[in-house]
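Scroll down for the structure; my scribbles are underneath it.
Should a chain be cited, it is by its letter among A, B, C, D and E, assigned in written order, with residues numbered from 1 in that chain.
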Amino acid sequence: MPVTREGFEPLIVAFCCNWCSYAGADLAGTSRQPYPSNVRVIRVPCSGRVNPSFIIRAFQRGADGVLVAGCHPGDCHYHSGNYHARRRFTILKQLLEYLGIEPERFQVRWISGSEGAKFSAVMNELTENVRKLGQNRKLRDAR
Amino acid sequence: MKRTGVFICWCGSNIAATVDIELAVAAAKNMPGVVFADQNKYMCSEIGQEIIKEAIRSHRLERVVVASCSPRMHENTFRKTVAAAGLNPYFLEIANVREQCSWVHKDKETATAKAIALIRTAVAKALRNEALFASELPIERRALVIGGGIAGIQAALDIADSGFVVDLVEKEPSIGGRMAQLDKTFPTLDCSACILTPKMVEVAQSEKITLFTYAEIEKVEGYVGNFTVTVRNRARSVDMSKCTGCGDCMLKCPVKVDSEFDLGLVKRRAIYTPFPQAVPNKPAIDREHCRWFTENKCRVCEKICPAGAIDYSQEDELMTVKYGAIVAATGFDPKKLGNYGEYAYGKHPDVLTSLEFERLLNASGPTAGKILRPSNGRPPKNVAFIQCVGSRDKAKGNPYCAKVCCMYTAKHAILLCEKVPGARPFVFYIDVRTPGKDYEEFYNRAYEEYGATYIKGNVSKVFPDGDKLLVRSVDALSGALVELEVEMVVLANSVDARAGAKELAQKLSITTNAFNFFNEAHPKLRPVETHTAGIFLAGTCQGPKDIPETVAQASAAAMKVTALLGKDSLLSTPTVAEVDEKLCTGDMSCLVVCPYGAISEKILEERRGRETVRRKVAEVNMVLCQGCGACTVACRPGAINLKGFTNEQIMAEVEAICL
Amino acid sequence: MSTASEKLRASAAEALACGRVSLVLGWRKKDFWWQSPVAFVEAAAEAEQLSFDPFSVYNPVKYLLEATECHEKVGVFVKGCDSRGINRLLQDKRLEREQVLIFGLPCSGKADPAKIRAVFPAQKIREVAQEGEELLVRLTDGQERVAAADFLLEKCLTCRHPNPVVFDELLWEPVPVRAGVDVSRFARVNSVAQKEILERYTYWARQFDRCIRCFACRNTCPACNCRSCIFDQAEPRWLGKASDLADTMNYQIIRAFHVAGRCFECGECERICPAGIPLQEMNRRLIMDIDKYFGPYEAGLDAGDSPPLGTYRGEDPAGFDES
Amino acid sequence: MKVTTDKINSNLVKEVEEISGQKVSACFQCGKCTGGCPVVGSMDIFPHRVLRLAQLGLVEELLHSRTLWICASCQTCDSRCPRDVDIPKVIEALRLLLLRRKGGNRLHPASLSARVLANAPQQGLVSAFRKYAK
Amino acid sequence: MKKIAKTKLQELWRCLSAEGALYLPVRSDSVVDFALWQEDVPADLETLNTFLPPKKFYYPQTETVLKYEFGENLQLLDASSQAGEKTILFGVRPCDTAALSLMDKVYLSEPVDEAYRRRRENTVIIALGCREPEETCFCQTFDIDPGKAPGADLLAIDTGTELVVTAQSLKGEELLVALNGVLQEATSGDEIRVKDVQEQAGEGYLTRVSVHGLAEKLDTCFASPYWDRLYRRCIACGTCTYLCPTCHCFDLQEYAAGHSGERVRCWDACMFTDFTQMAGGHNPRPTQKERVRQRFMHKLNYFPRQHGGEYACVGCGRCVRQCPVNLDILEVIREMGGAVDGQ
């Protein structure tokens, strides 16, 4: 859990694809576009590599929000990785919502290597939305 | 638990400014598996790397975690360091505590807490890193250059020069590109054709270079060393082997169409070569305008062609060729000035863009080199040159500076004075930029020797006033209002990325920036490479630049290509997929999602009890696999794993990052 | 006109006798009136035990996996829902078509023992037989006829493929599809979906809290046919053994995800769940979304196509903000 | 006019930026606004100069300039500014600075002749007194 | 002997829950199971088999047995101490009560399971006699009288309009005293009615099997070909073992994260494929045949051999009803030679 000052500090886990969104995150860094330190990035080769089990496991271990960021459709370094990711996460997002999980908690965004500002904006927006929702108790492990 | 060492970098103050390094080292010390933790001002420096090597030896480290800048920056550097100390390079893991922590979080306390979390995550992954070994890849010793402008020509020549075979693909009927349209070049005032045409001929005559004009890239597959490219040779309707280039057909063809080469200032025929010094100097039929293809009439060119070279039945040909490396040199397009009504471009014939003015200057141009006003055909006396049209304009143009306009406008001012004695050039500028050798001196000659008047004041409006043009501005330095009556206005319009650049980028699977210029791997350290290994950049397709820089980049790209093709074999990325045959059910759901066709079926024979049982399992071709990992999610029992990003590693990372 | 059971016995005996198959899977009666377990008939003489009664529900298809390893060719009786299971195993390459001799049995719906126990005292019931549109209930003291439609299993009420979709022989005439199945198919899913978000969570949390992790749903499902399931693997530990609600939701969500595009709505998981969890409502939600976003797709109808989550189209719509 | 350290750090510039919502430092003195301004002839400090003085903190000098009252906010300059600076808003901010000061009244009812009062359009009078007499 | 009208049961529940956490069978969705009593939640006294047997109170599906923290030195926090709050279980059927005493043979013999023992002490069991057996009941095969529950602290008999309660242990006596306010004295007429219910309960059995001499007979049946035919239907799920009141196997799992962790005991089923999976991949019970044989041999042969002839089955019928493929212990008893009479 990030160091809590006053009030609730959400923990956001972001799976970023190495070729686009991780490069976007780096660009947000080089151009000093700040975003909250609640966000923590895990590098994956492609958004198509992110297994729904990782997302559920993150929620179980205490993440309050999870983001999967990949290349814009058509830009994928591996041609079709994000197309598969789009189908998988469209289904997963609807299922989570159907089971009563707030939609803001699990988000998917396409962020290219040159969209440093967008990366920072998305992270700010996501953190604020999840902060309003409060801690994720529904999918969180008891032990 | 593997013996792990953690090394935290200050990066001068970049990290240390907002991350408490001491606290992080202390925290790292009692992470599970960590037996040694240290820090240094510059971990990537000689001393820093020495500390790592020394620590590996003295503490018998089995895994190394470096908390520093982005892995996309120094992952290879530290892998070499770790390998030098005897460990498998893939026992290294990097925690990105600069770009994704210290640079974006101001509050020291939370930034440090996050840095510690990122280090803990890297340690959790490192503990599960397996030794990985790159495998040898064969290389196709043939290069492809896309784009036949000066960049493509120079790259092709240099590659051929070092002994490798290269294909040069050009969309237009002739190579030459943007530079062929120029008259003179700054700062030496060399005649553009004089320095370009010899190189074009050299390309045509080089037996190492195969030239494909009137051809486009259809599809690109494969990876570094083994690209498979499909090229569409558009039907030229002229048999290149028979045509002698005599040009009779071009005289007799009844159809007149705006010449793209001359930007519509003059007409060309349906069967045409873009410009006289075209290489190959063989025409092509523009099927959209040729009367035979549109109205099924005429066929004049076929009748009068002495060599019988006209062949209307030609079809587009698709050819598929294997290449080891690709250079993208597709050039730029001048910015269209649709939303700049204030300059009356397109409303008044005497308002021209700089490239149109260049065509007027050119001896083979519409006015055979004489500067004449399109409205009345008489030489102008006063000419206004307006700079930064569509450049440095956040509101409705490109926010960036197009880099070359100040210099070519000085050239235009000089040439105007030479061609039209007594002519007065007025240059309206925001700042004059002369960033090159002999550039400033060239600019000084423009206003000292040739009497160009430089007015620091962007023109607000151009009013047609009788047969003259009223230019209104202000001289910001003196504060004096400016109202000039001129006979011609030349707009220095901005440099846009080539139309279609985005689609080509997607075919090459390289990325572009917000303005569709191709992204270089690193602006300072790797300017001619892209993030896709084996694909290089040259010229303005990567961003606005002048001819000296373009040629320099072209030679650099050629050097990179020959360095790549010169290797006896390539080391493949070892982070590829791997099948655990015990778990594999053989339902081939991995094969369906693999974009590289790297997975195939294999019959496995195994003993069960007394008899041997045969069953189907998946098998990965280590060479074709690029490590995207789509198969690992499609495989429900988790039988196929991605080395370097295994399920175990990522699960461990997720659990560590949430602690 | 011989009864259904006699037809089964005749076909099985004939196939076994002439050696076309060395094993036939069907159903047989057992001690109690509602028990019709799957029968493994290996000789023509044993075919007598076969029977087809209102409780022959369990899908024998998954036994083919092990049976085809030690038998050259296996005969199997399949109802409409069972037959889609065969396509499922063919599509997942766990079975070769020529290893199976399929006898198709058009089915007008099977009876739900719970509904029968609600009307007749269970101790008194001796046997329940199907006679056309009616059920003949023989009790210790007399017998009664009731309309079969009133006692149908939940899964049969919404059955859209009563006639087998793949077979070598059809034992009797196809039966009409029940009216209104297209509406009732997603009725329960929609009723849950309309609830408030917190109400939805409390509903599902109450259901999953009862889950005792017996894995009956996974082990009976023809779409779950892996040699070794991730939930049994220790490293990485995809699922803990402790029955913590969040980990149970992890199991249910990931299993629903694994069978997405493969589940052909046979409803067995929900029927045999000892904790009475409405699993069909969850799987059908995924089917609804797959139809909505990627175009209508019915699993288990054609062994040749590949599941929707294995393919893609460049212009797929996304269930999230794609700006 | 002399640029001094206290002038250049004066918070008047911040006030102008706050009221106008514009970043004065964005202007790189291209002069396009002045070039196209229809009423620039009767201005003592040209629009691009207004921005320059503001950048240098010479706000006091600006407040005494006629330009503030000549600018008719026709937005020609704003529509052409390559740096997206809304110059009329900056000038409006300068006016408000002036008007908010005590005794800043520029218009007294008594100073208007009867003819003007009779013929001037009613809306013009209303906006004039609302603007120039605080 | 005391009684209370079935219409005033809510007051009984209120008094009982004053004495301790009251659990009784409650219907939720389509399942009846023991649940903590809440105001005006109707108890279900008709259903004989609850979804999960009362073993879940003494031997929960998930129980932390140990917590540890890495500081400077390893601290062990004993987690079993917290199992101590006073509980009252109402509506336990005679078969489940008998099952508990079978479970006691396992967990209360050396080495005693401390948490289990403390829970057994702190819980008062109020058995509820059956009025009429289900078709799947065969508790009388194991000499269990459906009308009596010797192992319970209190026995309640439903005479139709009233519940007649008799204490059978010291704890039962104390609880009866505490309930004086709400219970009336039972009349001799009530005693006769109770006897009638108890006798009548004993008759209606449909399933008559005998396990006489079965344990000895099974000594020689380990390699019997019968097991080859029986196991083929089993789909290796855990329904029968988790629902069985006498099954007591468990698995220990570590939940470690960072510097702290806990060791958790969870139910496990011998029917699962990975139940005896060894490190390195070896499995002494490689196919489902060994597992199915193991389950029935344990209940009908190994357990009786170790515990003086007592079979590890109480004939509650849960496995008969819930097994998805109808593979149950009755079939094995009949096949393996248990004499059959009646039906």
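Some points to look at:
Keep this in mind: a contact is a pair of C-beta atoms (placed from the backbone, for glycine too) under 8 Å apart; a residue touches a chain by one contact, two chains touch by 3 or more.
Keep in mind that this is a model prediction, so the values were computed, not measured.
Between subunit C and subunit E, the least number of touching-chain steps is 1. Interface comparison, B-D versus A-B: the higher number of contacting C-beta pairs is recorded for A-B. Most remote from subunit D, judged by the distance between CA-atom centroids, is E. Innermost chain of the displayed assembly, by C-alpha centre distance to the whole-protein C-alpha centre, is A.
Chain centres here are Cα means. That of subunit A falls 46 Å from that of subunit E.
Note: centroid distance subunit A to subunit C, computed from Cα atoms, is 37 Å. Here the spacing of subunit B and subunit C, counted between their Cα centres, is 56 Å. Computed from the mean C-alpha positions, the centre of subunit B lies at a distance of 73 Å from the centre of subunit E.
Multi-chain contact residues, meaning those touching two or more other chains, occur in subunit A at positions 52-53, 57, 61, 74, 80, 84, 88, 143. Counting partners per residue, subunit D has no residue that reaches two or more other chains. Among the residues of subunit E, those in touch with two or more other chains are 255, 257, 264. Contacting chain pairs (ordered by label): A-B, A-C, A-E, B-C, B-D, B-E, C-E.
Per the touch definition, subunit A reaches subunit E in the complex via residues 61, 143. By the touch criterion given at the top, residues 257-259, 281 of subunit E touch subunit B in their complex. Interface residues of subunit E facing subunit A in the complex, by the touch rule stated above, are 64, 255, 257, 262, 264.
Taken in their complex, subunit B has these residues touching subunit E: 30, 32, 120, 582, 655-656, 659. On the side of subunit E, the complex with subunit C involves touching residues 28-31, 33, 51-52, 61-62, 132-136, 204, 206-207, 229, 232-233, 235-239, 242-243, 251, 253, 255, 264, 266-269, 272-274, 320, 322, 324-327, 330-331.
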